[in-house]
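Chains here go by letter, A, B, C, D and E, matching the order in which they are written, and residues are numbered from 1 within each.
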Amino acid sequence: MPRPRAGQPRAVRRHRGREGTPVTAVAAPPTAAVAPPYAGLRVVPARHPGRWVATAGVALLLAMVVSSLVRNEHWEWDVVATYLTWPSVLEGLWGTLRLAATATVIGFGLGTVLALMRLSRSPLLQSVAWGYMWVFRSVPLILQLLLWYNLAYLYPELSLGIPFGPGFVHVETLDVVDKFGAAVLGLGLSQAAYSAEIVRAGILGVDQGQHEAAASLGIPRWRQQWRVVLPQAMRTIVPTSVNEIIGLVKGTSVVYVLAYGELFYMVGIIYGRNQRVVPLLLVAGIWYLVITTVLTVAQYYLERHYAKGALRTLPPTPRQRVLALLRTRGHLTRVAQGGGRA
Amino acid sequence: MSGGHLRLHGLRKSYGTLEVLHEVDLEVRPGEVTVILGPSGSGKSTLLRLVNHLEKVDAGFVELDGELVGYERRTTRRGEVLRELKEKDVLRQRTRIGFVFQSFNLFPHLTVLENVVEAPVSAQGRRRADVEPEARELLTRVGLADKADARPRQLSGGQQQRVAIARALAMRPSVLLFDEPTSALDPELVGEVLDVIRDLAHGGTTLVVVTHEIGFAREVADTVVFMDAGRVVEQGPPDQVLSHPRHERTQAFLAKVL
Amino acid sequence: AAGDSDLQAAADAAGLQVNTTPEQDRIHTAENPAAVKLLPAEFAAKDTFKVAVSAGGAPPLTFLADDEKTPIGNETDIAQLVADALGKKLELEVKAWADWPLAVQSGDVDAVITNVTVTEERKELYDFSSYRNDQLGWLVKAGGDITKIDEPKDIAGLTVAVGSGTNQEKILLAWDKQNTDAGLEPVKVEYFENDADTILALQSGRIDASFGPNASAAYKARVSPKDFAVVGTLNGGWPNTAQIAVTTLKGNGLVDAVTVALQGAFDDGSYQKVLQRWGLEAEAIAKPETNPPGLPKTE
Amino acid sequence: MPRPRAGQPRAVRRHRGREGTPVTAVAAPPTAAVAPPYAGLRVVPARHPGRWVATAGVALLLAMVVSSLVRNEHWEWDVVATYLTWPSVLEGLWGTLRLAATATVIGFGLGTVLALMRLSRSPLLQSVAWGYMWVFRSVPLILQLLLWYNLAYLYPELSLGIPFGPGFVHVETLDVVDKFGAAVLGLGLSQAAYSAEIVRAGILGVDQGQHEAAASLGIPRWRQQWRVVLPQAMRTIVPTSVNEIIGLVKGTSVVYVLAYGELFYMVGIIYGRNQRVVPLLLVAGIWYLVITTVLTVAQYYLERHYAKGALRTLPPTPRQRVLALLRTRGHLTRVAQGGGRA
Amino acid sequence: MSGGHLRLHGLRKSYGTLEVLHEVDLEVRPGEVTVILGPSGSGKSTLLRLVNHLEKVDAGFVELDGELVGYERRTTRRGEVLRELKEKDVLRQRTRIGFVFQSFNLFPHLTVLENVVEAPVSAQGRRRADVEPEARELLTRVGLADKADARPRQLSGGQQQRVAIARALAMRPSVLLFDEPTSALDPELVGEVLDVIRDLAHGGTTLVVVTHEIGFAREVADTVVFMDAGRVVEQGPPDQVLSHPRHERTQAFLAKVL
């Protein structure tokens, strides 16, 4: 961005960039020869009267919602306040986070592997991945969780040995999978099936020319995926993954069937006791809102990171926008200048 | 489709700290052919993108037939101002300016014919039934009649470039901006495509062509503009600029031509 | 209804008269003018009496018939008696357990009759007309090591399932506290939302015992004697007595009418017939009460 | 593909194409001048001994799983068989399908609009869409369902009129939203928030040059999205959407809080009565498997449709592969031929 | 990096019913420069893609230094056969064949320097510390030293093309396939880039160049191949093909050159 040089008084004007960013620029003084008739006019942004009306409407609606939230006593905000930081709620929150984080890691780790398997040349790997996705996207999570947790019901004893032959090592099934283990297994394994599709979709979106270029350079296959394809696919993988992670955070609530102490379960126990259903669900909602917010912010920066290269010029960050706005607020005169010859 | 009158005033454009265009002024009169020459990276493509308002200028203005591209003059209570146009109006202005990208940017999911027909129908509101025969005719002129139903990725480089040209022509714009329209063409086709372009010029369309074909410049151009490092170094009739360049930089450039 | 013939057969074998068809042929009682007179105007004007029952319940208290639509069980039969006495047509609404508090508070239903125990905490929001003792039972896997559970020390070190927020939970925790105070091994408590999940956990050996309403425990033990056994019972109010009650919205005036209506059914013997029908004679109370003492508040 | 001309005996040989498709081709008879030393050799596909071992391993594992499924009596396949077509199970299935289909339509309809709003130039539309996504991705579905269903609890009466002023039309809330309505609203509205991210991710994946080309042609903005951007985005949108739809089909089970008769609820009712938990969950699982299969097949063809243009050459369909295999099985001699001059 | 010996035997390729290449035979001796000329759509790019095994042939073989590309001769119990190579081995073969795409296909998410460094490091297993100075040196030779940290989309067309060339050169392949390597370059740069290519030729690398620059063909080529409609119509030393073409089609093509 050109800056005014000292000693050369130049008019400063502002253009709004594509994304609404003010750009300060300096124009040379117009020479008599070509000075156009509109040199010297102020540049003002486009008018959108409809937008103002709509904004007012939205603001009004928002005010109504907020007022009804605050004024309607059925929300019982005092109860919400009491339970928001209730020890067992916090404990449940921790349970949720721990579960969601572990399941995310397992899900996306295994999911990426499955996606690459489905896109591989080997019919075997393809079919295994396909079969996995087919089964794990179909089986209700609750069935899976119950099965993992109650494996002992079906198979009281696990044995390692020759298939269909004698077993060598025998383990009591009950000792293998505990509550957290069953929950993580169930969530992680089914998440992997969904994540695999997300990763695969991202890879499909990458231009064929990129695969060809990588192949023509003789880059080994895993490295092609890792270094060339996946980073470009991330642009579409990130938003949908955050979707999935948010879904997973909330999805942990199905582990109530295992009586695992996550947020929703805790809240359920409390309202089961005191019948304050709505305020306690609000407590859960508020915590989910906090988690979603954190994830959304992370998503914003991740998306930005992976947009490098896909966009000619990156849009400014919110921080940059605010700074730019503050900077230009000082200049009251923004005058249009057709330039002369340099 | 009579030619538009294009005037650029003091255009400036920077990317970060890199100033790509410094104060470019240019006038292209209706029906004239202006050829822009210049080394790689001198800002030729950027200049065309600014004319089309695909990129916002940092300073300066583009005027088409006396109308500012991207702004309008308005008298408000606080005196006369320049108001930025809404996107809708900018899009309307663009239908009068055709643009052939250096990288073609064809729509890969549409067939060749659909690529050509899309804009006249959806941007200019013409009837598909009217546009289609015209589009086929254009494709025939660039030698692609048999590829009407292929998709861009099934075409060779030269074929893609010709589709891009046909797509821009189908809009019947009053100003046409070509960014290296013959780079992927063989000498035979260069001849044919230049014929099409020449026809356009005679039809009155205003042409701005970025090219490295000095021969073409010599033959077709009314004005040759030589750019270097974001500045217009020299401009004038081809005879003068190409055969008797006054500026050192132009001389050096032309000396290298094979 | 062929699919449930197993269940029917097992129940028959156990000497229970269980009818799981939608045609319930419920026990009725006559209209009770005293009760009708007590009805607040708003309710007197209506033809129906709308009662919520829980969908996730277990036999024999509330469950759904073979058509998976008609709610049946002891609680629905009690509801029938109350509606009859009030001279209204009974309208049953199946609700999820989590949903019933809102259903009462929003006025969507007139009453909830689905094994709701009277507690002091609930009394802040609802009125109660009691009709049954809260009898609790200890269900274990048949043929296991545990043969009796009568006092706190019997459960030391066991893993026990209990419904969260129930008064069973409170008792269990109190017993556990007694145990730990006495230096015994603590109980491992597991909360299950769903009766069926508990069953599976019991079968797979995840838990040693399930502590819940004796009615369903006894029913299971009788239906599948080779799988389950009840090894002890106690009153749900331990150390006091707790009662199960018809739940109505606090202060809407319905409670007195309901109590009088129940009294009528107690008097003409239809109440006892209902309990007999589901094998719950042991849980009968002497007379219905309006807002009897509830389980004390915790915390 | 060149075909043997009559009267000219030519050797036929087979190459395996990229995707494992046999391609039959005819080579001209080699002329003496350039006949390479390997002309006439048979072409055989690459050997992957590891693959055979792995395939055998997978097959064995599969056999073990199947055998354990069949032999372990705890699965109670007879009970499964009885209930698979039980009238109320079928009714529940229909409830699930109806709910999922309606919620999908609402979700993706609204979601696409939200995605376009977030990508629009208007800060208002952007913020509204952002706010919507933020709230609806956070609020637990169960809270939403309970609120919709029990709207009367919070607002016994709905009135239409001047905000904060008098109302004109009053409606008893209880009459407005029934069970199905509440379920569809809850599922659809929250699905919209997730779908919006999916659509947006798809759009992000489209090359910037495409947006520029459409803009430079002056195509109106909605038409740019509809005709140029979205069809290309579909390539990545389809797989993730099918993910979401499958999730939604299974997600309908949260409407148990409304006691709405969908598949999972029905199954729960039955096992609540007869205590056969595992076989009844299997019944649900089998139906979900059927639905997933149908969706997966639909996905395959949709993906293929949207791959047109993105790929130089489309891979053959399974049907084409089988046909090609049958066709070439007849030719026993596949001989390599370096060609001579034509 | 001594030159590879490339031989093509009876290559055929069809897309659906369209036969793009009919029986192409060609021999390129080590260290020679072969220029392929031909009208747009005649199959030049397809031919290069087949050499690189990016596309499978329908019939025929490509031989590099006596080794088949994509196949190996094996003696089995049932006699000698040609076995298709595993992908891994094909990738290994490709590291000896450099390819500059007509559409560049740079990796947009990597910087210019990373684009150039990637393959030598990951495909040839060379150390990054060794490759980087070499890559910078290459970038300097194509005039892009100051763009090392830019990303491809921030470059002009000509700059992108030069990065693509540098990327292929960094592999030090024994055969280099260029698909119109100078289409986006101005005459000045064409000269410079051709210098680089000429240096390569003198260094012994075998070059196959598809181009429309007749001047370049005349100056640098050892052999000129003229293709039309999927066939090699004429081939020989530039003098012969360009100045005294025997085939009618060649004569017509060359006559059109501006």
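Everything below uses one rule, namely that a contact is a pair of C-beta atoms (placed from the backbone, for glycine too) under 8 Å apart; a residue touches a chain by one contact, two chains touch by 3 or more.
On a predicted model such as this, the values are computed, not experimentally measured, just so you know.
Where touching is counted per the definition, the chains common to subunit C and subunit E are A, D. Taken together, subunit A and subunit C share the touching chains D.
For this pair, subunit D with subunit E, the centres built from the Cα atoms lie 41 Å apart.
Averaged Cα coordinates give subunit B a centre that lies 43 Å from the centre of subunit D.
Subunit B and subunit E have centres, each the mean of its CA atoms, that are 31 Å apart.
Shared contact sites, meaning residues of subunit E that touch two or more other chains, fall at 15, 103, 153-154. With touch defined as above, residues shared between interfaces to two or more other chains in subunit D number as follows: 48, 121, 142, 146, 153, 208, 277-278, 310-313.
Listed for subunit C are residues 98, 102, 194, 197, 200, each touching two or more other chains. Inter-chain contacts, as defined above, occur between A-B, A-C, A-D, A-E, B-D, B-E, C-D, D-E.
Against subunit A, the residues of subunit E that register as touching in their complex are 52, 54, 87-88, 91-95, 97, 99, 101, 103, 105-110, 118-119, 122-124, 151-154, 167, 171. Of all the residues in subunit C, the ones that touch subunit A in their complex are 97-98, 101-102, 121-122, 125, 161, 163-166, 190-194, 197, 200-201, 203-206, 298.
Considering their complex, residues 121, 209-210, 212-221, 223, 227-228, 231-232, 306, 308-313 of subunit D touch subunit B. Considering their complex, residues 2-4, 6-7, 20, 55-59, 63-64, 67-69, 94-96, 98-99, 102-103, 105-108, 194-197, 199-200, 220, 223-224 of subunit C touch subunit D. Across the interface of their complex, subunit E is touched by residues 1-2, 13, 15-18, 23, 25-28, 30, 34, 36, 38-39, 41-48, 208, 313, 336-342 of subunit D.
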